[in-house]
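The two complexes that follow have chain A in common; it is paired with chain B in the first and with chain C in the second.
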Partner chain A sequence: MTNLEKYNTAFMETFDITEEQLNSDLVYQSVEAWDSVGHMQLIAALEDAFDIMFDTDDIVDFSSYDKGKEFMTKYEVEL
Partner chain B sequence: MTFYDKLEQFGEKKALITEQECLSYAQLQIAVNDLRAQINDRCLVFCLCSNNVESVTGYIAFLQMRVVPVMINPVINRELFASLLHTYEPNYIWAPKGFCPGQARYVYKDYALIKTEYGQKAELHPELALLLTTSGSTGSPKLVRQTYRNINHNAESIAQYLTISGDDRPITTLPMSYTYGLSIINSHLLKGAAIILTNDSLMEKSFWSLLKEKQATTFGGVPYTYEMLKRLRFLRMYLPSLKVLTQAGGRLGKELHLEFAQGCAEKGIRFIVMYGQTEATARMSYVPQEYSISKAGSIGISIPGGKFWLENDNGSVINEPDITGELVYHGNNVTMGYSTCQEDLAKGDELGGILRTGDMARRDEDGFYYIVGRKKRFLKVYGNRVNLDELESLLQKSGFEAACAGEDDHVRIYLDHGEPDEVLKIMTGLTGLNRSAFEISKIESIPRNESGKILYSELGQWK
Partner chain C sequence: MINYETLFVMPPFGLRQSDKDDLYKQAVMELSRHHYEHCEAYKKLSKVLGLGRPLPVRLFKKYELLSIDKEKIVKTMTSSGTTGQAVSKIYLDRENSARQTKVLAKIVSDFTGKARMPMLIIDSTAVLKNRDMFSARGAGILGFSILGRDITYALDEKMNLNLQAIEDFCQKHTGEKILVFGFTFMIWEHFYLALKKRGISFSLNGVMIHGGGWKKLRDLSVDNETFKNEIRSAAGIDQVLNYYGMVEQTGSIFMECEYGHLHASIFSDISIRNPLDFSELPSGKGLIQCTSLLPTSYPGHVLLTEDEGELLGVDDCPCGRLGKYFKVHGRVKGAEIRGCSDTYERR
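So, the complex of A and B:
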């Protein structure tokens, strides 16, 4: 699996959404499952998938699918 | 005099702080007076509440004029809301504008007071102050009947054991319709503290910015909140204004209890684990700060004015330490009981100050209590009480035979027919809980005994 595929899978599995929904409209609370509980699940899924540990500031600022991509590069994950 | 009747004594002190505004106690009382002028008699009101100025204003106004509010979370499933309306026929609804149809009688900021079409006034017991749901999520019409005395006694007791002062500044992390969230508001208004109101979650940057900017000194959390804080590496965050963290709403595992007790001690934060139920207004016990490490995993000792004991199956009091029995509580904060229909609102006290908690506990030699299990079939999911039998009957109404079991924060649903995905959608839609709370498995058949009762102990093998 490529890094982008891993990144996408984390979103699709955590929020039960399709690949078509992975776009710039996907933001915190834009889908039912992306609430505070879902957010924690997403962070856990990404940390596991890439074996990284997010900084607090990045966890709370990880507010959209697009923004998350930017953060990943900070953890040396090229998407 | 009760705390909600004497807000004016704090005058120009800050009462409510939001990102945009700040109201003094005097200003809050003025807003309260305006709302009070709209309702003449004691009656029933549905109070839709979030952590905002309008909700607190409504809540205080209703208590002051002895109008009885049913506290409801606006995220409630609409069908369940309709059924609550139908069951209780409130005379007014205080809700965000546009929440429900009807002409606004009065508007304050983003809230409107709607007069409903129900003309009859329910008969209300004179002591009845407030009605709270026990499980906001399954929308059961079962409400807890709290009295004016209950609210005041519990607020006084909480303020005493947490040594709350007018300099404290809690930031909201829990819904106001939830007994724990409400108790934080009550106990701080009692002492003239300023409350920072926000609906943002700990997972949002805006929450932490507000906490820092407005210098919050305390907040509360359910076990799941502490899971989040751990994930956020809270113990590494620099938040100099924070002095007290409280925890309730379910059992915090011993490991997490210890981790936060130690981590907070190092940071100079008091970490107080507590135990309570809506049926006891809010709080029944706490672990005093000096024992937070040595008694990790415990729910502590009873709050000032309250008393615990344990009873065995025969109803006899257990006096020896380390023997498990049902936890029973006595205190002025024990409510009058439940209501399941409008007629119940006229009922008086059915509990006589004694609450059988339904939790199984043991007491150690030093008198500290530990919860070891539950008598009733319910789970705590993200702080919400979820009754497993209610879930089964909700599913049955949707055409699914299911067996519900699991542990806190994790509901296991076993199906012998039907699509798990469909059931998951129904569950999240009805309860409003995140999908990760549910694990749905297909099994060949639901194990039952001869009389048709589900054998939950046999479900484990399907795990």
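So, the complex of A and C:
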């Protein structure tokens, strides 16, 4: 699996959404499952998938599918 | 409006009180004007009380106080209350909600360090069931969760010890420093007493953070000192830190340092008020007034609590944190029962 596929899978499995929903409209609280509980589940899924650990500030600022991609670079994950 | 980004990069306990007073004088008026313009009820109250004067916390039970359009609400938090008691409703938009989480993380990591530790929560996942309507208890758990990783709940759905989960967690993180979080009374009743009853003890290496009110434990004659000692003996945790906070000012909590003093960070402040005329008391016991720079979606930036407290000092705590430090004595007589820990009723 490529890194992008892993990144996408974390979103799809955590929020139970389809690949078509992975776009710039996917932001915090735009789908029902991405609430504050879901947010921590997403963080955990990404940390497991890439074996990284986010800083607390980045967890708070991880506000969209696109924004998250930027953060992955910070943790040396090339998507 | 307040430049929160500037505050976020400052050390959370790095402002001398004189500088903080200057900042707050201006910030509180700015916030007050913002709420005056955006909340009709606050405008009316301000005309009677004076702009920037504290609102009694009880008002959030009686009135819907919000300074944003209803469509902007992303989260409604409710205070914990005993059965049949009215609850406060606090309306948050996205910015206010994110700001709370960020500030909580800033304040707490000043005590725990930046690295996210494996985290054991002394509560049940059942608390998070209704995700739309968060109780203060659920919000507290979630807010603190951001500081941890491999979040593990120590209690099952019925609030019984989940020994298997705790043991697996300990095994997995042998030698690592862990973070334990919970509400004071739940930790006592469902963790400490439950361990004691079964004759089990743990030697956890880490820090425990707990809050939510002392009333129930005071009724059992358990004070902070006893709590710390008993937790140390039953769970092996040396660093047990209490915090003081309320749902109306979520995020900007007051943390207890290693000297047992509660500290106000740059995000909030306290003053002690004479209960008779509400004038500020330089020493002695009085009502605690809390000011927080965080509330923008609801007018909760200056609140008069029903808690009795005492200022212990300013800028000179041996722990090195600047600003005011204080002690909470408990609820004033006739106040209603509130707090995550104190309103807990066994079902």
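As a working rule, the second predicted complex is superposed on the first by the 79 of 79 C-alpha atoms of A that agree within 3 Å, B and C clash if a C-alpha of one lies under 4 Å from a C-alpha of the other, contacts with A are read in each partner's own complex, and residues count from 1 in each chain.
One rule holds for everything that comes next: a residue touches a chain if its C-beta (ideal position, glycine included) is under 8 Å from a C-beta of that chain, and two chains touch if they have at least 3 such contacts.
No experiment lies behind these values; they were computed from the predicted model shown.
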In the overlaid three-chain picture, which partner chain does A:44 touch, first (chain B) or second (chain C), both, or neither? both
In the superposed arrangement, which partner chain does A:66 touch: chain B (first), chain C (second), both, or neither? neither
Who does A:5 touch here: chain B (first), chain C (second), both, or neither? neither
So, does A:56 touch the first partner chain B, the second partner chain C, both, or neither? both
Now for A:19: first (chain B), second (chain C), both, or neither, which partner does it touch? neither
Dual-contact residues of chain A (chain B, chain C) 28, 35-37, 40, 44, 55-57, 59-61, 63
If you look only at chain B, which of its residues touch chain A in the complex? 201-205, 207-208, 224, 227-228, 231-234, 236-237, 382, 424, 428, 433-437
In the complex, the residues of chain A that touch chain C are 28-29, 35-37, 40, 44, 47, 53-57, 59-61, 63
Touching residues on chain A, where the partner in the complex is chain B: 14, 16, 28, 32-33, 35-41, 43-44, 55-57, 59-61, 63
Which positions of chain C touch chain A when the two form their complex? 8, 74-75, 94, 97-98, 101-102, 105, 109, 114-116, 128, 131, 142, 145-147, 149-151
